[in-house]
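Dropping the structure in here first, questions after.
In order of appearance the chains are A, B, C and D, and numbering begins at 1 in each one.
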Amino acid sequence: MNPAVKSAAEYAAKRGMKPYVVEWGLRGLIEGWIHEVTGERLSGILHRGGTVLGSSRSKRFFDIKFREQAFQNLKERGISKLIVVGGDGSFNALNQFYADFGVPFAGIPATIDNDIAGTDYCLGVDTALNVIRQSVDSIRDTASSFSRAFVIETMGRHCGYLAMTSALATGAEVCLVPEIPYDLDSIAERMREEKAHGRNYLLGIVAEGVGMGESLTRWMGDALGMDARLTVLGHVQRGGSPTVYDRIMAFKFAVAAVDALQAGDTNRVITFKDGTFGSSSINEIADSKHAVDPNLIRLCENLSR
Amino acid sequence: MNPAVKSAAEYAAKRGMKPYVVEWGLRGLIEGWIHEVTGERLSGILHRGGTVLGSSRSKRFFDIKFREQAFQNLKERGISKLIVVGGDGSFNALNQFYADFGVPFAGIPATIDNDIAGTDYCLGVDTALNVIRQSVDSIRDTASSFSRAFVIETMGRHCGYLAMTSALATGAEVCLVPEIPYDLDSIAERMREEKAHGRNYLLGIVAEGVGMGESLTRWMGDALGMDARLTVLGHVQRGGSPTVYDRIMAFKFAVAAVDALQAGDTNRVITFKDGTFGSSSINEIADSKHAVDPNLIRLCENLSR
Amino acid sequence: MNPAVKSAAEYAAKRGMKPYVVEWGLRGLIEGWIHEVTGERLSGILHRGGTVLGSSRSKRFFDIKFREQAFQNLKERGISKLIVVGGDGSFNALNQFYADFGVPFAGIPATIDNDIAGTDYCLGVDTALNVIRQSVDSIRDTASSFSRAFVIETMGRHCGYLAMTSALATGAEVCLVPEIPYDLDSIAERMREEKAHGRNYLLGIVAEGVGMGESLTRWMGDALGMDARLTVLGHVQRGGSPTVYDRIMAFKFAVAAVDALQAGDTNRVITFKDGTFGSSSINEIADSKHAVDPNLIRLCENLSR
Amino acid sequence: MNPAVKSAAEYAAKRGMKPYVVEWGLRGLIEGWIHEVTGERLSGILHRGGTVLGSSRSKRFFDIKFREQAFQNLKERGISKLIVVGGDGSFNALNQFYADFGVPFAGIPATIDNDIAGTDYCLGVDTALNVIRQSVDSIRDTASSFSRAFVIETMGRHCGYLAMTSALATGAEVCLVPEIPYDLDSIAERMREEKAHGRNYLLGIVAEGVGMGESLTRWMGDALGMDARLTVLGHVQRGGSPTVYDRIMAFKFAVAAVDALQAGDTNRVITFKDGTFGSSSINEIADSKHAVDPNLIRLCENLSR
């Protein structure tokens, strides 16, 4: 998120706007934790994980009274447009804020799960994938040294993007995701055959949303007779210094967001689709369901059976 | 390169072909260092830097006598198509080989400089960029702690892609590349102004091909009165475990190469352009010059003056 | 483990011995998976995690019949001394083997938990600590960005060394280990006070053996009213390229082991105590209990209450 | 350095002292950039490379007038003791300051070169070694893939500690340091022999102070007929997040420094010798010459000939 904030502020200034940052998200809007951007505040943040501005959920923002207070905070400072980096929750909150007070905004999609409709990419995904990769590569060393089976659970409640991409990138033998029905019997047969040909270890990657982490691990022990272990990667996936891809994408998303606001657009989420930046209205995004690239699903089908 | 080799072999096998690997490149073709692919040979290589097959330049391949020998090696094993991972040199060598003996081939572009005409991406570039990023982020720590100026020289003889992308991703203040004329006086003025506003350190990134590493460093000391140092990143940029992006791209390039050969194409280099995979003939590539994305150049112009 | 194997083989050769490697541990002894060391076999392994030789537990080794078979395998090859890298289980197995057949051995302690009596250091610990550090640093980014509490569970069944050292190295606020009685009420009070002074996030590190991961997380949510999450680092801790410290220690342990065998010692485990290498007999180790440095415990006491 | 600063401040507070930090070193003493320590100032710095306080050389400090000014700054704030993290230059400056105004100080040795007399360890060395290790491991991938020779130059003007330790830890074939006379003819013979036995690549590590980087590279090309390249690691070695070993050592050095000051010691540098913390007077350090562990030298002698 830091590269997006820095890029948006710098590009907005270059386009003649006067950028501010809001600390702690919606809560900061209400509390008035809003600061004009100075060089020092955004210096040295490009390579830091997390967000130096802080992020928070705010139930109070559902209350018109506090949204009114947030609007006053903006008005006092002469702030007329907003950029928000986040997911559906943040976008909907600002959509309501626009309905109330007419403050235009542009959304930059940033969720680790890569599950926002209308865009192929959400900020943070490449960084998360490379954290997962390093963990899985490292677990592979252990698995092959000790002839073990490992199940690794990645984030992804409704969307298997992280799990599928990691499975391809690390050469996992099994991958279970919400998008693909799995067949354990068929997996067992495939594994027995590979074991007969010399395979001595096994890596399975499971998206959190499938809820199969523990039972797949147990099943590998029982059905395949292997010493099997589960690793839940958890919040390690969320951190780490942003990769180059994420920083460059953050820059491009930020430029598109500033340009959209200057062009008079509002209530739009910046999207990256088939290699091109564009935008979708909040309503389009709300009405449609995020769908993972069917090619990716096709490639992973043979890891689910 | 390892992910490309593994993906190509596995996908070719799935498509009903019988894959072989050639060790040590053209030299291995001549010497007959050619092995049928077994699971074990390509197991556990996805995460390794460099290439487990080895790479070499071979002057003998310019001699028809040795190309004839290479052809016999293929014929004996019933090998009828080739995939080569590399740059212009490798592609031209196989083009000649095709002219001599009619063995079709497909090329997968892989150069750190990202300088092959017709494709936006060459394998290895994302990995190199992230190695550079970590070095520059780390040097930034030193620069800001000690109030110093640092010049960092990246690879890139004729192409400033690595330097420009790294400069954007790490927030460098100065960037010199072959594609953009630079103006040191104007840079000096910009830096003096930033120093007056509190800037206490300075990062400059220079592509090797500009040949300005040492003189820019000296100039920063002289014109700006800063304690300035040069770091030439050198071959550290070539190594490291492939990033997820590189592994997935390797997979896609490999699939496209196998598909192209099965479709009867020959003498073509697989390309990735505007988000889509395609291919160019060797002649098209030889005739055209690689051009960096003009948007990237535009973004870096203000770092060159 | 790889640096230990390579160092031992090279140093033994230099001392005029003829080194062999046994693949897959005790199982390899029984099966005769024993190979004379060639340069190629141990080349390029220093930087690889896990062990290229493979490791296994073997129940058959408890049976004198299979130990007899193992002894024949050694005899045939003229192998008269053994070095084993591992923990108590491996040492005891070879101790029995010595009682049976009089084959002297030296043990090199290598357990992630750092829990072998008589030595301050077991190979692999520094590497594991740095893997933990990177995960905790990364989780701290998330914790401070989102105002959350995180509990991180490290390995360590009976020994809190990893958890205590990580807690000190990453500045965790809470640390629970088997060696120190904890007081949740007192921790809660300390945290409430810090929150009153501006603390907005919280990191707790718990050794696996305390069994408090889930309940501490729940308690942080309940008692402190924070959004709290648990991360179980699991087998990620076991992998990764060995650190410099581990490689140098592996070298020194290996040299000490070869020297001990050449000096006619047997049934001894090489130890590193108060900065000096020495050795203990298996019986001494079996009779004593591993004790963590009392200074380390004292430093962590105030993180447990 | 950050872990040392944080540890010293926290431990001093625990011992009933009131800690301050001085920004930008000696210059900050003169300018009065001195701040009472608050939790926020030193929060989240343990994992950051460089120093958040800033460091600087100050010629003015040689002038009694400015030292007088520095003394007034301390007096005004009631500061009566100093801890300095650095090398001989900083220690001597504070020694003079003590001679002038009687302000006691304790020095914590922190130089990448590990070249301060009287101590086996200087802060930052383990972090630097692991940065070097990752670079060399990565270059090894390239070297073995392309059959090349690489010379890697590490820091170390008068002291070969970094180069020797890295050479052992990465398995380099050649190592040149100021402490050991080298014999290129004998190296050439050794390499020719290894090439005859299948060696296809070569890594040499050279300490900066030997001044042989470029000529060794050329010589490898000429005498051994290999494609040889030089990489000067440069300031990449200075950065990076501190390793666990460095953080724990920083903590222990800081505790020893605070304890020494409380015990009434002055003008002493904290040392770590043969596994034990102690201290040396500035004069002892000035009079003696730093000597690298003779065992380390003995181990590297066969890499120099």
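Assume contacts are C-beta pairs under 8 Å (C-beta built on N, C-alpha and C of every residue); 3 or more make two chains touch, one makes a residue touch a chain.
Being a predicted model, the structure only gives us computed values, none of them experimental.
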Report task. Name, by label, each chain that touches both members of the pair chain A and chain C. Result -> none
Report task. Please state whether the interface between chain C and chain D is built from the same residues or different ones, using more than half shared residue numbers as the mark of same. Result -> same
Requested in this report: Averaging only over C-alpha atoms, locate the centres of chain B and chain C and give their separation in whole Å.
Outcome: 40
Query raised in the report: Can you give the whole-Å distance between the Cα centres of chain A and chain B?
Result: 28
Report task. Give the residues of chain D that touch two or more other chains, as numbers and ranges in rising order. Result -> 137, 140, 144
Report summary line: Within the complex, chain A is touched by chain B residues 6, 39-40, 44, 46-47, 126, 129-130, 132-134, 137, 140, 144, 165-166, 168-171, 194, 197-199, 241, 243-245, 247-248, 251, 274-276
Requested in this report: Please give the residue numbers of chain D that touch chain B in the complex, ascending.
Outcome: 1, 24, 48-52, 54-56, 131, 135, 137-142, 144-147, 150, 200, 229-236, 238-240
